[in-house]
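Pasting in a structure now, in structure tokens, and then I'll have a few things to ask.
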Amino acid sequence: MIEDLVAANRILAQEGVLDGWGHVSVRHDRDPARFLLSRSLAPELVSAEDILEFDLDNNPVDVPERDLYTERFIHGEIYKARPDVMAICHSHAPPVIPFGVIDIPLRPLYHRAAFIALGVPIFEIRDAAGMTDMLIRDPALGRALAQSIADKPAVLMRGHGATIVAHSIPRLVGRSIFLALNAKLQAQAMIMTQGGPIKYLDPEEARLIEAREGYGLGRAWKAWKKRALETR
Amino acid sequence: MIEDLVAANRILAQEGVLDGWGHVSVRHDRDPARFLLSRSLAPELVSAEDILEFDLDNNPVDVPERDLYTERFIHGEIYKARPDVMAICHSHAPPVIPFGVIDIPLRPLYHRAAFIALGVPIFEIRDAAGMTDMLIRDPALGRALAQSIADKPAVLMRGHGATIVAHSIPRLVGRSIFLALNAKLQAQAMIMTQGGPIKYLDPEEARLIEAREGYGLGRAWKAWKKRALETR
Amino acid sequence: MIEDLVAANRILAQEGVLDGWGHVSVRHDRDPARFLLSRSLAPELVSAEDILEFDLDNNPVDVPERDLYTERFIHGEIYKARPDVMAICHSHAPPVIPFGVIDIPLRPLYHRAAFIALGVPIFEIRDAAGMTDMLIRDPALGRALAQSIADKPAVLMRGHGATIVAHSIPRLVGRSIFLALNAKLQAQAMIMTQGGPIKYLDPEEARLIEAREGYGLGRAWKAWKKRALETR
Amino acid sequence: MIEDLVAANRILAQEGVLDGWGHVSVRHDRDPARFLLSRSLAPELVSAEDILEFDLDNNPVDVPERDLYTERFIHGEIYKARPDVMAICHSHAPPVIPFGVIDIPLRPLYHRAAFIALGVPIFEIRDAAGMTDMLIRDPALGRALAQSIADKPAVLMRGHGATIVAHSIPRLVGRSIFLALNAKLQAQAMIMTQGGPIKYLDPEEARLIEAREGYGLGRAWKAWKKRALETR
């Protein structure tokens, strides 16, 4: 599980989804009240020895105090609110940022991004806390973000980025990559048609795709992982 | 032939045409009722030992059961319907996806994409099978796709990707790359002119270009292959 | 300090912010009337032995005459006018150039580019010197640029590029990268909405972000530096 | 001279200006009636031993027949018509192609592309030869292209690419790179303003920039060359 978490960090950095400040966590497989997350480190530099165990109140367990991600509250609060969620990614992928600051919703037009049909709300931090420095830097903001994502697979964060959740690490990596790719493709289609009609996935198509848990993700996962770990 | 098929997989992965789920096949050079296709593997990882032989009913020949591409039906059904086709590529190249979901047709404006003048239909899977998970996962869907491509060099698949065919592997690789490049250039010209006039290739220009089978593809093929196989 | 200056040159070249003609300087940490800048060399090639010491009149100190950057006047004149500035970058980052030639101002929509809220004027060299070859090739033009940037964090230079200042090298590198990224994201949002409404950062949000000097830049700085120095 | 010609091939391939079919030549420094050009090879693969000598009628001199570029006529015919031209590049750089098929002219908005102010005509091969396969495959087409470029620094070729000329190899490489970059920036500015006003370089600014032969190209040339030759 730690190996996959390290791989997820490296893959998403290599794919341009995570910059130096993104992070990825996974719920502990033997204790649902714990999750694993790196100490404060750029994802491309994360190794097994950097992974720490946290309780759902976002406190590191059994380790002397080390440098922690400011926004670790994203993780604990969503794991608390969403027993179905096994892995979480907080990203600043450039293609999704514009969709957080305009009034045109992100919609799925590409089959690997069918999960978008389940809904991708926008988190407006002003509604939760007024004027802030935009970061999820305490449990209350983490809870507000968890409320915003509700039962959805992802939430855009206005002027900031996105948080994506999934039932497994490979699924999370796929969703994080295809959220950004769908954003790019939808923006392109919107611009090409000057706001004209676009054939999005039908909700039933999206449901049928989502029902096939994993979409054969193993095939790409193997290639992503090899590439990410080799170019260490 | 196997070496060229492996090279095609690697080249198209490296050029950004194939993601972890695309695939490339070639018709057997001594038995037109057989084709070669990798076992289920991301194109960038395909090696000679992964190549399997299939009959035109998409069943692997003479090998114990292994993990196969879900969408292998694309290949057999097109080889059955199109005796002229020697190689097939199924891609999810990002620049072509938007053209599958809007009402503006892809048209050739760049000489290396002249084959687009022969016609690039859009396959609407809903017309063939109603609500699906978008994948060509059985012979009937493969036949529907083969009917849609008819005698054309490529077909866009709405919300999914494209399938490209050709008389040889290098030609297939060229078409797959230049379908995506033309899509990018046409989108750019459309946006720059806000939908104003664009000088596409004249049908006769396209015919003259296509008549020169291969367009000197050997020159680029050599460079693509060297780059793709060296960075293994 | 020299190591960080070399790293800044390499990082900004690797991130696509600096081409072969950009440059980065730092004010001397023990003598505010001196600054360090490479001899005339593409940023990606700069090493410790290339760093020269200059006085604020842009003359190299204690070294035999060597080949110098034509536009070194940018640095001395801004250090003279702005005692708060510790590091300066002159870039031709492609995404910012269009904002220098159109009438739509750059505005912050991404939290890491909050400093844009402090104001990013456009330097029109014609106002300062009429018809020129666009370069800041003498002290008078350097002073005109320093007047234009005034107390702001950056200035766009029409038809040319940008100059960015900061209180430290890591902050300068962050600002230089995020000026370009915000330009890309704002352009994208503008195009997607066809000029419709965009939710920029509130001035108070920007102030709160800026008040947290550094934004945890150390985390990305470590990754950027490792990548830039390893691929030497 | 051969070393610089090889470097130019490699640099322009690495910078994305030349695909597998572009080519670069230089006029012989001791015999203005000769030029040097690679045998038919993708630019990224060109080495010193591939360089052949040609007369201005595009025939290789003193070598047994080898595989030659189909479009070598571009070079001889321009060298004949333009005694001032010392180096020629034929490119298919993607950003310039759209400007060859629309009615909006390329104009200089970035100082390193000031040479565009001298004029960049569009070569319409239909005017010269009616319906063709778009290639400059004989002396007559070469002459037509030479007439179209006239005394200008570059010509766009509709549906095909561009040909760029200069007084030296480094200058040619700079012009080839910045023609594409200016195309990208102008397209971006046009789209951002929805066709609104853009501040192009003043003709006098362009003249002053051009008057400084070389723009300090040596600085970037050194970095480009190192990168291109190291990653052989």
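Going by the order they are written in, the chains are A, B, C and D; count residues from 1 in each one.
We adopt the following convention: contacts are C-beta pairs under 8 Å (C-beta built on N, C-alpha and C of every residue); 3 or more make two chains touch, one makes a residue touch a chain.
None of the values given here were measured: they were computed from a predicted structure.
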### Message
Validating interface symmetry: for the copies chain A and chain B, is the fraction of residue numbers used by both over half? Same or different.
### Response
different
### Rounded Å distance, chain A centre to chain B centre (Cα mean)
32
### Query
Between chain B and chain C, what's the gap in Å when you average each chain's C-alpha atoms?
45
### Query
Which chain C residues sit where two or more other chains touch them?
191, 194
### Query
Draw the chains as dots and join the ones that touch; what shape do you get: line, ring, star, complete or other?
ring
### Message
Quick check: in the complex, which residue numbers of chain C touch chain A?
### Response
109-112, 181, 184-185, 188-189, 191-194, 196-202, 204-205, 208-209, 211-212, 216, 219-224, 226-227
### Task
Sort out for me which residues of chain C touch chain D in the complex.
19-21, 40-42, 44-45, 70, 92, 94-95, 97-98, 100-104, 126, 131-135, 158-160, 187, 190-191, 194-195
